[in-house]
Amino acid sequence: MLDAMKVLSLTDVDARVRQALAEDIGSGDVTTLATVPSDWTASAIMVAREPLVLAGLLFAERAFQIISPEITMDAGAADGQDCPKNTVLLRVSGNAQSILTAERVALNFVQRLSGVATATRRFVEQVAGTHAKILDTRKTTPGWRVFEKYAVRCGGGSNHRIGLYDMVLIKDNHLTALQNERPNAIEAAVRRARAQFPALKVEVEADTLEQVEQALHAGADMILLDNMALMEMTRAVQIVGGRAKTEASGGINLANVRTIAETGVDFISVGAITHSARAVDIALDFQ
Amino acid sequence: MLDAMKVLSLTDVDARVRQALAEDIGSGDVTTLATVPSDWTASAIMVAREPLVLAGLLFAERAFQIISPEITMDAGAADGQDCPKNTVLLRVSGNAQSILTAERVALNFVQRLSGVATATRRFVEQVAGTHAKILDTRKTTPGWRVFEKYAVRCGGGSNHRIGLYDMVLIKDNHLTALQNERPNAIEAAVRRARAQFPALKVEVEADTLEQVEQALHAGADMILLDNMALMEMTRAVQIVGGRAKTEASGGINLANVRTIAETGVDFISVGAITHSARAVDIALDFQ
Amino acid sequence: MLDAMKVLSLTDVDARVRQALAEDIGSGDVTTLATVPSDWTASAIMVAREPLVLAGLLFAERAFQIISPEITMDAGAADGQDCPKNTVLLRVSGNAQSILTAERVALNFVQRLSGVATATRRFVEQVAGTHAKILDTRKTTPGWRVFEKYAVRCGGGSNHRIGLYDMVLIKDNHLTALQNERPNAIEAAVRRARAQFPALKVEVEADTLEQVEQALHAGADMILLDNMALMEMTRAVQIVGGRAKTEASGGINLANVRTIAETGVDFISVGAITHSARAVDIALDFQ
Amino acid sequence: MLDAMKVLSLTDVDARVRQALAEDIGSGDVTTLATVPSDWTASAIMVAREPLVLAGLLFAERAFQIISPEITMDAGAADGQDCPKNTVLLRVSGNAQSILTAERVALNFVQRLSGVATATRRFVEQVAGTHAKILDTRKTTPGWRVFEKYAVRCGGGSNHRIGLYDMVLIKDNHLTALQNERPNAIEAAVRRARAQFPALKVEVEADTLEQVEQALHAGADMILLDNMALMEMTRAVQIVGGRAKTEASGGINLANVRTIAETGVDFISVGAITHSARAVDIALDFQ
Amino acid sequence: MLDAMKVLSLTDVDARVRQALAEDIGSGDVTTLATVPSDWTASAIMVAREPLVLAGLLFAERAFQIISPEITMDAGAADGQDCPKNTVLLRVSGNAQSILTAERVALNFVQRLSGVATATRRFVEQVAGTHAKILDTRKTTPGWRVFEKYAVRCGGGSNHRIGLYDMVLIKDNHLTALQNERPNAIEAAVRRARAQFPALKVEVEADTLEQVEQALHAGADMILLDNMALMEMTRAVQIVGGRAKTEASGGINLANVRTIAETGVDFISVGAITHSARAVDIALDFQ
Amino acid sequence: MLDAMKVLSLTDVDARVRQALAEDIGSGDVTTLATVPSDWTASAIMVAREPLVLAGLLFAERAFQIISPEITMDAGAADGQDCPKNTVLLRVSGNAQSILTAERVALNFVQRLSGVATATRRFVEQVAGTHAKILDTRKTTPGWRVFEKYAVRCGGGSNHRIGLYDMVLIKDNHLTALQNERPNAIEAAVRRARAQFPALKVEVEADTLEQVEQALHAGADMILLDNMALMEMTRAVQIVGGRAKTEASGGINLANVRTIAETGVDFISVGAITHSARAVDIALDFQ
């Protein structure tokens, strides 16, 4: 079972929730202050209005607790869980003003992160039974990388490198720099990367089978098959023959992801699960 | 013409860009460091790979300049502009390592904010010629409200309240609190809001025509017609007769927005333009 | 009753208190460390040394609790309450070192915010029985706007716009820009503001009765009667005749505020209640 | 001449100005954006509307420059300078939108800090020709200590300790802790302070002449004569006879400060110059 | 007994621990997440692997508690205590994943600060029985000054000035500026310092006996004997004769510190106790 | 050649330098303000007082520039360069007050980071000609990881994982958790890690040859030979036979590192190069 408390440092979650509350509340929730008695209590349930994979429930819990530490909560589902429509995700009880004031911030976090998890799950389901794993990319909301990569894991996906620093990934633009100097730019690039960063994995982008062979010969740990036609990709996987990991990328969607997985690639990376995930519909119903 | 420098306080833009760069670069862009000579220069163009409305170009410019103040740039389009496919949005020239290192962060900001602007523009175009204006909501990415509301304006939309503090918006949950006390909860709520926050606009959510009448009688500045059927909404607009502003919300999409606009409402608020905007496709091509 | 916990986001209060404690304590309260045994306990009362309106007690409570979570406290008054001289505002009990170390920071916050509330109350009392409400301005201590606006509410005043973003307020310098272009700058300015920011209130500054008429004709929601003579102001209120709200500003003091209120204006804005409020005298007496 | 650039770390000034700009501008200066063409330029002068001692001009300069780096400025006075009514403090030229948007933040800083400097100067002038120096206290706006202490220096005052950490100041509450243990609490306290913090100055609060003798005997560097009657204070100064520095405090105002100075005390500390300084009247006039 | 809670503002400690945890954990402790069941509990002891003086245990406690508030702890030693090899410093019990994830951060803080305390204690022991006290310098890890100065106190050392602002220390480079102007630069410098900062202690660096006499004559509170030969230093102490405090600095090490102390100087400042302290060996042993 | 501008994000460097300057300068460099005329200029050189490997010169440059943007500088050496005693590292010219005020902060950064680089270089030199590379660990100054890892690279060392998140490293405590469940804990641990984090490298700590075989069989990418005797380590390297990378750790020092390297291990990790590096001696000499 996923454990948000361990994965998402409590620190940062709180900092984000506080920032979001400050952004929304400013000098006060004027409507609630004017209309709801300060000693009223209320109960509410956070409900899935559509099927979804939950991610980021901790953010909602912290939003309510930061506004009012006395609010009691009871989680009805856990991050990573497949929730049918109408699933109760969280029960909240306590000061009515506080619940109303924190409501939108709590929902905004969970709707967005669950959106990422749900989009990921759809891709993961499509490749079920194949060898391929779904990876995320660096195409994340600026400042949210850790959170979105956590949501991808909630959806059953795996994480590609976190940033520019924890893995070498040689792309065509890097090769351009070396192309003028040497007959085989890929080999030169891998050699340089190994020398400077011996402890890191090295991946090489290959657009052609010739480049696949060069990457393999250069000793790449992983080869990125970028925008390859299906036949070519199948051939590339055969050439590699398990001597390196293979990753497909470029123009992946729900319609074509299974066919791509069936080429035998190890990984399929999908930018859309983070950069274009639709927020899922979640509501807070008062009772 | 929109002027990002005035609207987006330079301060905050820089803080966000620096955070995003730190998040991505960490201990260094190992690939670029290992493969690209530190004295190489390069030129690149940021190109729209699909038609889009530009928003947030300043973020990209700052990303490149923060990494390398010597980089020169030339904007090919301005925020708010309709850009056909293949429009050159920005020309960048300078140290090759720096451009490669800043590339993804620069793109992540512009793709996301332009996504919001583009989604907004699609709705604005649908209601062209009617009286209705497209509004955003508080369903924004936590921590990004100001930026996404700016992007909505780039798309031709208008901004609803910024947060809970700058306008009173009385919803059913607020009324629940007062329902037990008085015969007419709406009137009680508006009266209280006026007393406590005399300088603020007051909007009331109405689910029925009866509530519309009550809101009107209570002197609301604006009435939110939430999830009303078309006929009922048309009738509501007639009842109001210009004595307050009317806003339609709930389940708005590109297919139904024009019909809703034709009921005569003043505003139509759409959560999806911020919470579910797809990132537009923008690439950085080296030359 | 005012509820600081809801109005002042707990987050920001804590951040300010921590910053102030760090600023004061630095590498340690050397005097207390050297002279007071670490296991001593003490009780102290925070007492009003002069009549005052309390504001910001939460800041004092947090200062003590952040230094020593075991300190117990008992509030003797609530924010917004009129406290005669010698009122016990807070009883504090616990570790003697901690109470001594937090004392000055706790007092500095409450003395200043209560100073704002008390200054406001004096103005509010002066206009009692008239129609006019006392408003604050944007002349606040930089970085303290939300807190000082909260203190103004504690004093019985109402808040004008929070910043430059939540309301349009067209002043003479804005009109200058348009004066050269058109016969009627006010109408042009209001029309532009309505077009760009349809959801916001529009206020227009008027220095003459002619401008009052223009503002009214342009459909301003509120008219700022700036530095007008009493007779002119009375006439202005008559001209407006309830079709817009009126606000008096400029040179307001305790001596003249009631006369101004009696002109029938809706609002009177007073910069001095925030920018020149005297700190009220509050002491922490050990027992 | 005072040099703000050296005293106020540029860093912190910018951080404060940015925070204040963000607080005021939020999602944009809607009035200026709607009414002033983005390519207009303007000139304005910041003028003293009453006689004042200038402090914090750097804050105003940074406010304009942060909003628009192209704005040119010309200082008409320097921090610490006595400025008669109508003195031009700063000339500003550049983009009209930017000047209008930064105006209030620029003024808020300078009006407040110059208020502190001016209040200080009034006290300094009162004691001119005597031996006494005016000191500030720790009764400063939370978070502003360094800035207000800088303003006190601009006014001709001297700074007491910065916080709880850079000097030992033994007050009655500290002595209470030791009173039960020993015959002479003051001597015990000074001895302990010397032992633990040998590099720090030690000051002792004395309410009676007996305590003055004890403090002197204990070897205090400085003795605080708190709320003493004039005759008693004169006697205390004689007793001390230059063997320690003396500081008068408690109930000091412009009417009594000179008489107190004439007792021969070395220092007079005045809380009001920071906690209750009135903002001076400064305006930005467009030309 | 030292009380870290009072000296180290809880605020800042938490901020540092959170920053360090975020730095280390990033997107999750992948090893622990993959191998340790989330419901396992464990007990561990933090043990001194070599003799040491403890400092900063609070940082370790906070690291565990921030990751998992339910972890229980039992301190086996207190800051400032001499701990023989194998001393149990802290017992930790609770969720196994949490303990493993926080382990390194907890150790890094305590090993470093105890390293400073231990290095200090070695110097303090060397001068035991003499009059001299060991002082720290401003040669601290940037951003850690308060913490390292606290550790110095744990080791039995005393703190020199905190920064450039709380004491005047006139060195040769300052004198250079005045040398061209006047016959006696030291006297000019002290006079200026007294005039501008009357409440601060003034120390003067002296490289020769002539300068010692000048400093004494100028009324310096403290004289820094920089890199003086032993005989010269002894003579300097005699010349000063208690009329000012004396401080030895430059090239101090464990071998020569006692001989220097025996010259009779009041203080000996040692940069190495902060800038070059070796981390002491502490381990977390699971049971 | 190393390029600090690319590796150390300018952002973070500036933030650290500003924090350090604020920490040191506080309310002003009182000595410099009192003694050095504000219009004096000076030139100074930063000189190596002992042989060293330079690292972090950018921090010094930024310290001077932040205090006074007009200061001109000329680097005499570059990060990563071996500098004999008396090498001029930086020439600084400009306002004398500014140079004096920034001096200590500038030196503190460069002395510490160059200390790390120099310690690293000594180890790297010892293993010259062997196959082994020197790695750092996670035993870094909290909050400084990226900077110290950069300094290690300046010294010729290589970086191990950045934190807990970018590589799996299974240690004995992790295995304990699995030992009770299965016959072969190592294999179970590696399998779980591969399943959850397929894109990450997996390293296994082995204390015995049997564990080496198990790790190899489990498919570990890297095997940590912890505190092994030399003969056992040699045998371990033979057993592995290039099928995984090997890393020696535990009790490494300059005296034994070469012998360890000669066992044929791929990597040797040394905690002391970060946690116990001595600051190198660098001075700023005025001219």
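For clarity, chains are labelled A, B, C, D, E and F in written order, and residue numbers in each chain start from 1.
Simple rule for what comes next: contacts are C-beta pairs under 8 Å (C-beta built on N, C-alpha and C of every residue); 3 or more make two chains touch, one makes a residue touch a chain.
Remember, predicted model here, so these are calculated numbers, not experimental data.
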Fill in the blank from the handout: Joint neighbours (chain C and chain F) are A, B, D, E
Problem - Equivalent interface to B-C, taken from A-E, A-F or B-D so that over half of the residue contact pairs match - result: A-F
Fill in the blank from the handout: CA centroids of chain C and chain E: separation to the nearest Å works out as 44
Exercise for the section: Report the inter-chain centroid distance for chain E and chain F in whole angstrom, where each centroid is the mean of the CA atoms. Expected result: 23
Fill in the blank from the handout: Multi-chain touching residues of chain F, meaning two or more other chains, are 25-29, 32-33, 101, 145-146, 159, 162, 165-167, 196-197
Problem - Chain contact topology (line, ring, star, complete or other) - result: other
Practice task
Go ahead and list every pair of chains that touch.
Solution key: A-B, A-C, A-E, A-F, B-C, B-D, B-F, C-D, C-E, D-E, D-F, E-F
Exercise for the section: Over in the complex, which chain F residues touch chain E? Could you list them? Expected result: 16-17, 19-20, 23-37, 40, 96, 100-101, 104-105, 107-109, 111-112, 115, 138-146, 162-171, 173-178, 189, 192-193, 195-197, 200, 271, 275-276, 278-279, 286
Practice task
Flag every residue of chain F that touches chain A in the complex, lowest number first.
Solution key: 133, 135, 158-162, 165-167, 196-199, 201, 266-267
Fill in the blank from the handout: Within the complex, chain F is touched by chain B residues 18, 21-22, 25-29, 32-33, 38, 66-68, 97-98, 101
Practice task
Can you check the complex and tell me which residues of chain F touch chain B?
Solution key: 1, 3, 5-12, 145-146, 149-150, 159, 162
